[in-house]
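Common to both upcoming complexes is chain A, partnered first by chain B, then by chain C.
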Partner chain A sequence: MIQTLILGVLLGGVYALMASGLTLLFGVMRIVNLAHGAFMVVAAYIAFFLFTELGVDPFVSLVVTMPTMFLIGVVVYRTLFPRLEGSDRYSEMTVLLTFGLALIIEGILGYVFTGIFRSTNPSYNTDAFLIGDLFIPKGQLYGSVASLVLILALWLFLNHTKTGYAITALTQNRTAAQIVGVNVLRTSTISFGIGMALAGAAGSLLSYLFTFFPGQHWQWIALLLSLIVLGGLGSLAGAVVGSLLLAVLAAFVSQWLGSTWSPLTFYLALFAILLVRPQGLFGEKEAV
Partner chain B sequence: MVEVAREPETSIEPPRPKSRRSRVVAGVVLLLLLVLLPLSRPVVGPTFHYLMQMATIALMWVTLATSWNLIGGYAGYISLGNNVFFGVGGYLAAALLVYQGWSPFLTAPLAGLVGLVLGLIVGLITLRTRGPAFIIATVALLLMAALVFDNWELVGGANGLSLPLPGYPREWARVPFYAGMALTALGSTWLSWKVAHSKLGLGLRALAQDETKAEVLGIDTRRYKIVAYALSAVFPAVAGAIWGYSLTYVRPSVFFTISIAAQMVLMAIIGGRGTVAGPVVGAILLVTVNEVSVARFGSSELNIVVTGIILIIVLLFFPLGIVGSLRQRRKLPAFLDWD
Partner chain C sequence: MFLRVTDVVAGYRSGPDILNGLSLDIEEGRTYCIIGPNGAGKSTLLKVIAGILAPRQGSIRFRDEEVGGLRPDELLARGICFVPQDPSLFPKMTVRQNLVMGAFLEKDKNVVKERTEEIFEQFPLLAERANQAAGTLSGGQQQILLMGRALMIRPRLMMVDEPSLGLAPQAADQVFETIAGLNGRGITVLLVEQSVERGLNVSDWAFVLDLGRKVFEGPATEILADPRIGELYMGKAPTIE
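== the complex of A and B ==
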């Protein structure tokens, strides 16, 4: 019982990191990034090759994956998104656009790396701390702690730096932010880059916590989207709470019904929240 | 959001005078073509089976894209999981054949009915939200269906069900499937035309432009959306019943994949979302392109990449699609003007 809870919470921390980038993009720019999972898998491949070719630890690979994904994010944002600006249904358009992007990434990854299941295997991954008869896997603990540190850093950045204020201002009111002198294009580009860098970090962790293959990103994105709808689209706190809640729930479902059915928890929770509170736990009515 | 004045993406301008006769002629020619195609056997010889198969596939995609257009085009609510109904129809007919011995051609209408009811239920839940949350719910719906059918032992899990062979005479073996799919495609196109010319269609186009304003005008937007969604589920289910039978097996990977969802959306958008003829044109075009590209490159991975690239290019540069762009420039030939 407590054991399942611990495992759920540890996994929830990692989910929270994965979801934070996604919810940031929606909050700041109303972009639903269906390619988020695909970008995570790209970063996972980078981490995988750094580990197998150069022996770089997945945590050290954050130094590579985060800036790389930031740059990719900046390029992708600048080339694709400004054209959609001012479209009647901007959010829907971004869904289709990132859907296309996800297909392209999946196809290229599949072509280059084939569909083989991969995973890095650092020494701590199979190790665990034992406290009494409780069992705390080291890999998941480290991953969870790293995730929370990154989320905390993101929160501090948003609330204590000038760029962070500008990003927060965009979240609240895009037009008003522009009037008071926020450079919307620049700030949006940085936000998109940060969102992608978070996906990069998540990818590094994913590379050893889970096995991955090119087509897998659909499962990830569906899971993450369920999390942020539950938490309230665009809310960082909501993403963290939603992640922890659902990860714990999924851990119990997995224990009772077998791991096959644990993804179902996320989808059913999504439909349940749409029935009860369509704007999510932390969402404002307008955002939906 | 920055408000920028721009051309509305789907226009509700009053129907302008157009030559009625050329449309009637076009309709008759199309119907004749559909009827005459199976009779071409003595002329085309050994490629007849291939011809029938390709026509069946094209008609199936016409059905899927046209149905998607009801919710994704007219109402502007993008659904990325409408192939769930396609799969449910396929599985229902397959299970009834395997366990009861009923022909899928007889149970196909039943599949359509089940699709309608299921669409209504799913719509009631997912359409409580506007915009992005709806799309997310449809993705979740698709992955949930894939998970359930992958693990449901009664219908064979990931291996699916093998269906008994129909035992038609060899030389005409593909014709019944062709005929069934042709009827389904005609049905879905007729439904699309009917909706476009009804109060429902007008309401849907209004809410696609501005839902709040549509509501203020007294349109019961929620009911309109749910009806459109339920209708968009009917013919895909019928098509699924026939398609599964023609393959002689049903399997989750035949129906519940993201790439099928992507193709449906892409066809409707390339042809022109929110128009009657658009999805038909888009479906036929993309089936042809796919057939050529698979024959040439033979790789499904690269095919996915091409699908993605086309989707992005169309979205950024031709958001109105072929039919929509031509109409905007007043260059749409009368035989394609079905609205």
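== the complex of A and C ==
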């Protein structure tokens, strides 16, 4: 029981990092970024390349994947998204745009790397701490701690820096943010970059915690959407709590019913939360 | 000229023109009221001057500089601020945080702190609720907070859109008391107000708009006394001669 709980919490920490970038983009810009999983897989390939060709540890690769994905995010946002700004159906258009982007990324990755399953294999990934009867995999523990440190850094950035205030202001009221002098385009670009940097960090961790291939991003985005809907779209705290809750629940389902049923937990939870509390755990009802 | 709007044409997204070649002049240190029927373009005019909406044609000059089409933050840096009619507070931030956000463009933290305390001195009700989330304030309190937040940047021109909308009479009185004191601080005011009589009472000059154009202008006291304006915009019964 405690063993299952520990494994669920460790995995939940990593899911929280994956979901935080996605929920940030929705909160600030109302963008449902269906390409988030694809960007994570891109970063996983970068980490894989660094590990296999240069022997760079996945954690060290964070210093490459995060800034690289930040820059890719800035270019992608400035090139594609401002064109949609005038649309009456901005959010819907961003869904279509990011869906297309995900397909393009998948196609390029498939062409370059083929569909072979990949994974990095640092030494700690097959090692574990043993505390009494409890078994704590080192790879998952390190990944979870790194994720929570990055989420804490994001929280501190949002709550203690001028750019962070601007992002928070945009999340709460776009017009009000404009009125007090927030440069919406600049702040949105930085937010998109940060969202991508978090996808980059998640990719580095994904590269050794899971196997991956180009088309796998669809599974990831489906799972991540269920996490942020449970937590409340746009809520960082919601993403963390939602991730921990569902990962623990999935771990117990896996133990009781078998691992085949585990992924289903996320989608059943998604349906349940949409029926019972559509705004999610930390979300607020939107005025009609 | 403090602010000169010349032949401005503007509308929303791909929609029709709301302002159709509107021109008006604003002198420094006075309060102006804009009146007109629904759809006349009153709020649209304020949004265009504030940079929320870009003009399709025409010119907006502020203190002899062309400012038409600049971003809201660029206009705010020049002292043009806007208090819209839509709820435009940060609901989850406290009253104090909302005020601090009002001075977002100010780099000196000490200045921001001083100004926040000044606002608290002027509006004790905000000081009493400094740590309360803005979204939990009453309509009147929110409007006062909006005015306080706008004052944080020390504006030269303050544009206020429908400040009494949805407020109880007592709360509206409080808001208008604040507006009436703005000229004394060296702030020029451009006001759009549904309660025409109330708006004209605190103004020096008024513009009457219709179909996106200025159809009339004059001293607020004269417009207030004009029976035609009373019939059209203040719901007064027509005079039978």
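Methods note: the second predicted complex is superposed on the first by the 286 of 288 C-alpha atoms of A that agree within 3 Å, B and C clash if a C-alpha of one lies under 4 Å from a C-alpha of the other, contacts with A are read in each partner's own complex, and residues count from 1 in each chain.
Heads up, the rule we're going with is that a contact is a pair of C-beta atoms (placed from the backbone, for glycine too) under 8 Å apart; a residue touches a chain by one contact, two chains touch by 3 or more.
Small disclaimer: the values here were computed from a predicted structure and weren't measured.
In the superposition on chain A, contact of A:Val28 is made with neither chain B nor chain C. Using the contact criterion defined above for the overlaid structures, shared-chain residue A:Gly86 touches chain B and also reaches chain C. Contacts of A:Ala146 after superposition on the shared chain: neither chain B nor chain C is touched.
Once chain A of one complex is fitted onto chain A of the other, the partner contacts of A:Val180 are limited to chain C, with no touch recorded for chain B. In the superposed model, B is the one of chain B and chain C that contacts more residues of chain A.
Of the two partner chains placed around the shared chain by superposition, chain C is the only one that A:Ala169 touches, whereas chain B remains out of contact. Judged by the touch definition given at the top, the superposed model places A:Val95 against chain B, while chain C stays out of reach. Under the contact criterion defined above, the residues of chain A that touch both chain B in one complex and chain C in the other are 86, 88, 175, 178.
Of all the residues in chain C, the ones that touch chain A in their complex are 13-14, 50-52, 71-73, 76-77, 81-84, 86-93, 101-102, 104-105, 149, 153. If you check the complex, the residues on chain A that touch chain C are 86, 88, 162, 165-166, 168-169, 172-173, 175-184. Chain A contributes residues 26, 30, 32, 34, 80, 83-93, 95-97, 99-108, 110-111, 174-175, 178, 218-219, 221-222, 225-226, 229, 233, 260-261, 263-264, 266-268, 270-271, 274-275, 278-279, 288 to its touches with chain B in the complex.
Chain contact summary for the complex, chain B toward chain A: residues 1-4, 6, 8-9, 76, 78, 80, 125-126, 128-133, 135-137, 139-141, 143-144, 147-148, 151, 209, 258-259, 262, 265, 269, 299, 301-312, 315-316, 319.
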